[in-house]
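Here chain A shows up in two complexes: once beside chain B, once beside chain C.
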Partner chain A sequence: MSKKFFLGVDVGSVSTNLVVIDDEDRLVFKKYLRTNGQPIVSLCKGLDNLTGFDKELEISGVGTTGSGRRLASVIVGADIIKNEITAHAVAAQKLMPQVNTIIEIGGQDSKLIILRDGIVYDFAMNTVCAAGTGSFLDRQAERLRIPIEDFGTYALQASAPVRIAGRCAVFAESDMIHKQQTGHGMAEIIAGLCEALARNFLNNLAKGKELKAPIVFQGGVAANIGMVAAFEKALAEKITVLKYYDVMGAYGAALLAKEKVLSSNQKTKFLGLNTSRQEYKTLSIECQDCSNCCEVLKILANGQEIACWGDKCGKWSGSNKKYTQESAS
Partner chain B sequence: MKITFPHMGNVYMIAKCLLDEFQLDYVIPPFQSKKTLEIGTRYTPEGACLPLKITVGSLIEAAELGADTALMVGGAGPCRFGYYCRMQQEILNDIGCNMEIITLEAPNGDAWELLRRIKRVTKGMNIPKLIRVLTQITRLSIQIDEIEKICLRNRSYETVKGTTNRIYQEFRVQAFTTAGVKEFKKLIKETRSKLQKVSLNLDQKPLRIGIVGEIYGNIDPYTKMFLEQRLGEMGIYVHRYVTISDWIVEHIIKKELRLPRKKPYAAAARPYLNTMIGGHAQETVGHTVMYAEQDYDGVIQIYPLGCMPEIVAQGILPRVSVDLDIPVLTLIIDEMTGEAGYMTRVEAFIDLLQARRKITLDRSRAV
Partner chain C sequence: MNQVVGIPRGMFFYKYYPLWKSFFDNLGVLTIVSDQTNKQILNDGVKHCVDESCLPVKVFMGHVLDLKDRADYLFIPRYTSISRKEYICPKFGGLPDLVRCTIKGLPPIIDTEINMRKDKDNSALAAIEVGEQLGYTLYQSVQAYQLAVNDYRLYRSRVHNYELPHRIINNSKLTTLNPKTLKILLLGHVYNVYDSCLNMNIISKIEQNGGQVITLEMFDTRQLRLLAQQLDKPMFWQYGTYALGCIYSVIQQQQVDGVIYLSSFGCGIDSFVEYMAERRIRQHTNIPFLIISLDEHSGEAGMNTRLEAFFDTLKWRCRNENNISSYGQCVYDS
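So, the complex of A and B:
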């Protein structure tokens, strides 16, 4: 029997990640792409990359996660759609079964997942503010004209990090400018920023929670060695960055897809790699039939409607039979 | 005089009955929508809590339909809600909306003032009738909550998902055209029998979640983004102690008449919070303890951003959660709350509860 492969897709605010695992949970393909506000385009690009990697690859199951998980699921045909918290936890546990704490910082959200005895015990996600997430670091790197990849190296060169107000992204930026103008060095400011963000994360998400070792750090921001150092300093614990740290969500989705397909013995709903060749269009309409003014979104593939959502009453998305019959006629 | 009142869950049914019995001219604002919230947000202070924004929006929508007098409840629970009536009046005055707010409360215990206000609304005073109608609508509020309770149970067991919801929505819409206590009783009876006929699969063992938190966000389906319906459709049994009838009976009638009140939550909350600190904080903590004692799988706390009593309760809940081994998810809502992020948290919480239940089951099997 030929080997089985499973695809995991994580469509996030900043990055779109695709991974393929084999039936021994090893990563055979990984692609980290910038979403650039165009999730469908980046997803199709990812699929094209996969075709380029091995077009004969037979995918036996697909899982999607991330804020764009529903959108991704209609494009690729997913066997399982899972929230990113569960996907991240599943992935971290696979690589480090004894893990107790997961710190995840992505493009626009940050999560803290607490595990005990191998199950998710508690979690927290940033609520009203995105200060301290990847997008903010990105913007600061751009402002300082430092490639984001080198951000961490700079931080580690600091002799004494300066204190930056990290509660709010706008104020943090003002504070950084102020510190620059008083003459502090770049390395000290960057190290200070990393510490401020780590502090902000712990104040916002870890309040009243016990962060037990082993602790893992994942998400795009974990690539930043300055942030890793800042968390180690703040928590006085060793922080582990696992090998697939930047695609953990997708890895988790692939693992979940594998479990689902193998346990249910069903054929995959995967639409094939050629699905990226179709021409996708989205159509948003504001329904005016009642005061809810729902923003309805339709997704078209080669002019054919393949999905629709956003309405509260089900009139467009077809969950309400009465309306489906009307629109069909 | 054309009367109106702001929406809060099914309060409109009770208020409508009351006004119909006295044959008064009134208008019910449309169910809250994005438009209601937009209007409310435009005219209220940014830092005000969500219920004020929604109620102001609701009143302005009613004014557009010709209402010139609004009924509000007051209250001396040390929380901002007690000032809503004054705030609403000032805001409406400021924007030149010609509407008078009559607050149905006895200021500083002045019962005569309350009677004078009622007299102004009902145009004349017929005390026996007033007492009779108030008793009837109180009973009605209990029956309406019973309907809600059946719905919560039905949703988690029904064989065809969405059946209960359809009946419930129909009920809410029909209530708009039902006049008077007698007609209402009939509608409730019909709805109840429809709900009882829904085919259920009672062999399932659904997850059980208790809802706690600030009263407006707890009772009003729009404010909590239809959380109960959504959980129900995911096959989860939802329970909530905070209801309209409980509020009317315990917080209005018994309080004003100085009758002894039932407070099981106060005893339950005692080890963590031994006094009333305003709003529903004591209820939130107490009910969480009660759910843990009844072996619920988890608790969801919902409150509008900036709700002080609930912030205090949120600080206490992690302790309760560890002591009594019950997972708690806190959802904070405001006008910016994106639905996607909200549902991500709920879905992850359900995954967590399911995994916990599986482990407990495996352990009990091993023993």
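So, the complex of A and C:
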């Protein structure tokens, strides 16, 4: 019997990740790409990479997650579309079955997932503000002209981290500049920033929640050893960073796709690796037919419409009866 | 008399519309209602209203603008209190004035005060006053109001029977209680819970995820008051008393599978009722609790992700319910 492979795709605000697992849940391929504000382009690039890796690879199931999960599902043909929280929880549990707390910090949102007895018990996500997330760290690294990869090493060199207000990204930045102008070293400021982010996360998301060990830390920011140290200091607990920490969402999506395909015995909806060769275009229109003025989006592949959404009445999307406005019924 | 009274579809609309509609019908007064909230109404409201106001008040302004040129009178009663010794949000008390100062060229506003803080029959007196303004005698108004109260009771009993108020009022398809679906208590102010545009269709989304919505209005208010006596001291706000009454009822009877609290960004009452509710739920039960705060952003992705994850949590629990090890150990520990 030939081996089965499953593809997981996580299209996030900052990174687009692809992983392929085999039927024993081992990772055989992983790709971490920057989204750069162009989810379709980076997704196609990822698929090209996969073709370059092994073009004979037979994919038996596809799962998509992340904020661009719906868009990704149309392009690759997904068997399952899952929210990030479930995908991350499933992935962490696979690698560490006894996990009780998951801290996930991504590009534009941060999540806290609490598990008890093997099921998700509670979760919290940051509100609209992106102050405590990766994109803010990215910006600061850019401003200080330090590669983001070295951020953590700098933080660990600090003798005494300075205190920086982490409540709001704008205030944090002016606070950092102020500390910088009074003469504090780069390492101390970076360490202070890491601590501010950890404090902000715990104050915002963990309010009133019990963070029981074992605690895992995942998402792109987990690569930053300074952040890991800041969380360990704040929580006085050991923080584990699992081996696939940067692609956990995609790994979870692949696991969920495997479960779905194997349990339903259906053939995969995967459109094949060649789907990245097509030319994709999106078309935004504001419908003027009623006072709702819906922003309708059409996705075209080689000039043919493959998906459409955004309308409340279902007039444009036709079959898309999901989320119809109450008045229509 | 062919005068038309315009009723804006905002604030307490989904609470008291059936009462006043019936009252005006019985008097023979024509009424019109503003359209269901849409982008136009939302944008108009945001544009015209004072900046620091909450979203529901802004939306109300949009509804007033929608009615402005279609009605001879606007019906915006000044609700000060709707129950004994309790208050409601002060924005209700100032609403007619706020409207008058914000929008120019309005038809006359019927802004009779309704204050039941001292006397629960005050709304009948208010009705007489409303009738008077429209040129009806005391006898006509009293009779119309009595009939309206009967209609209102009928409507209330339909709501108690798990029919959603906005669906009754908008004549849309009603759903009946299905014992197999997950029951979700959706707590929040009437103007957040039943306005499908403002809350980004949360009720339909819950239903699409396989849930069924139970709201505060479906509970027996007398019972809620009794339950709320467990609080250290009486709540100042009528809504708070009822909301926490619901929470105590859920703690006692466990009749729902999850609680979602829908709060308005910047709402003073919500800001502490939501945490009082959360603390009690977490302390005394294992029922999942989710807070969703509403503001002006129209991107639905954030809400969809939270709702989907919330339902995954609920379903995951149900699936595992039969797998609990009799040894008191987790079946997943290896």
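Before moving on, here are some points about what is shown:
FYI, the second predicted complex is superposed on the first by the 318 of 329 C-alpha atoms of A that agree within 3 Å, B and C clash if a C-alpha of one lies under 4 Å from a C-alpha of the other, contacts with A are read in each partner's own complex, and residues count from 1 in each chain.
Convention: a residue touches a chain if its C-beta (ideal position, glycine included) is under 8 Å from a C-beta of that chain, and two chains touch if they have at least 3 such contacts.
Since we're looking at a predicted model, the values are computed, not measured.
By the document's definition of touching, neither partner reaches A:37: not chain B, not chain C.
Within the superposed three-chain model, A:85 lies in touch with chain B and with chain C [touch as defined at top].
Touched residues of chain A, counted separately for chain B and chain C, are more numerous for C.
Once chain A of one complex is fitted onto chain A of the other, the partner contacts of A:147 are absent, as it touches neither chain B nor chain C. Look at A:93: by the touch rule set out above, it reaches chain C but stays clear of chain B. Across the two superposed structures, the residue set of chain A contacted by chain B and also by chain C is 67, 82-86, 117, 119-123, 125, 127-128, 208, 290-293.
If you check the complex, the residues on chain A that touch chain C are 67, 82-86, 93, 97-98, 117-123, 125, 127-128, 208, 290-294, 322-327, 329. Residue ranges on chain A touching chain B, taken from their complex, read 67, 82-86, 109, 117, 119-123, 125, 127-128, 208-209, 290-293, 319. Chain C contributes residues 35-36, 38-41, 166-167, 170, 172-173, 196-197, 201, 203-205, 208, 278-279, 282, 286, 288-289, 293, 295, 297, 300-302, 304-306, 308-310, 312-313, 316-317, 320, 330-334 to its touches with chain A in the complex. Remark: chain B residues 30-31, 33-36, 162, 305, 315, 318-319, 321, 327, 332, 334, 336, 340-341, 344-345, 347-349, 351-352, 355-356, 359 touch chain A in the complex.
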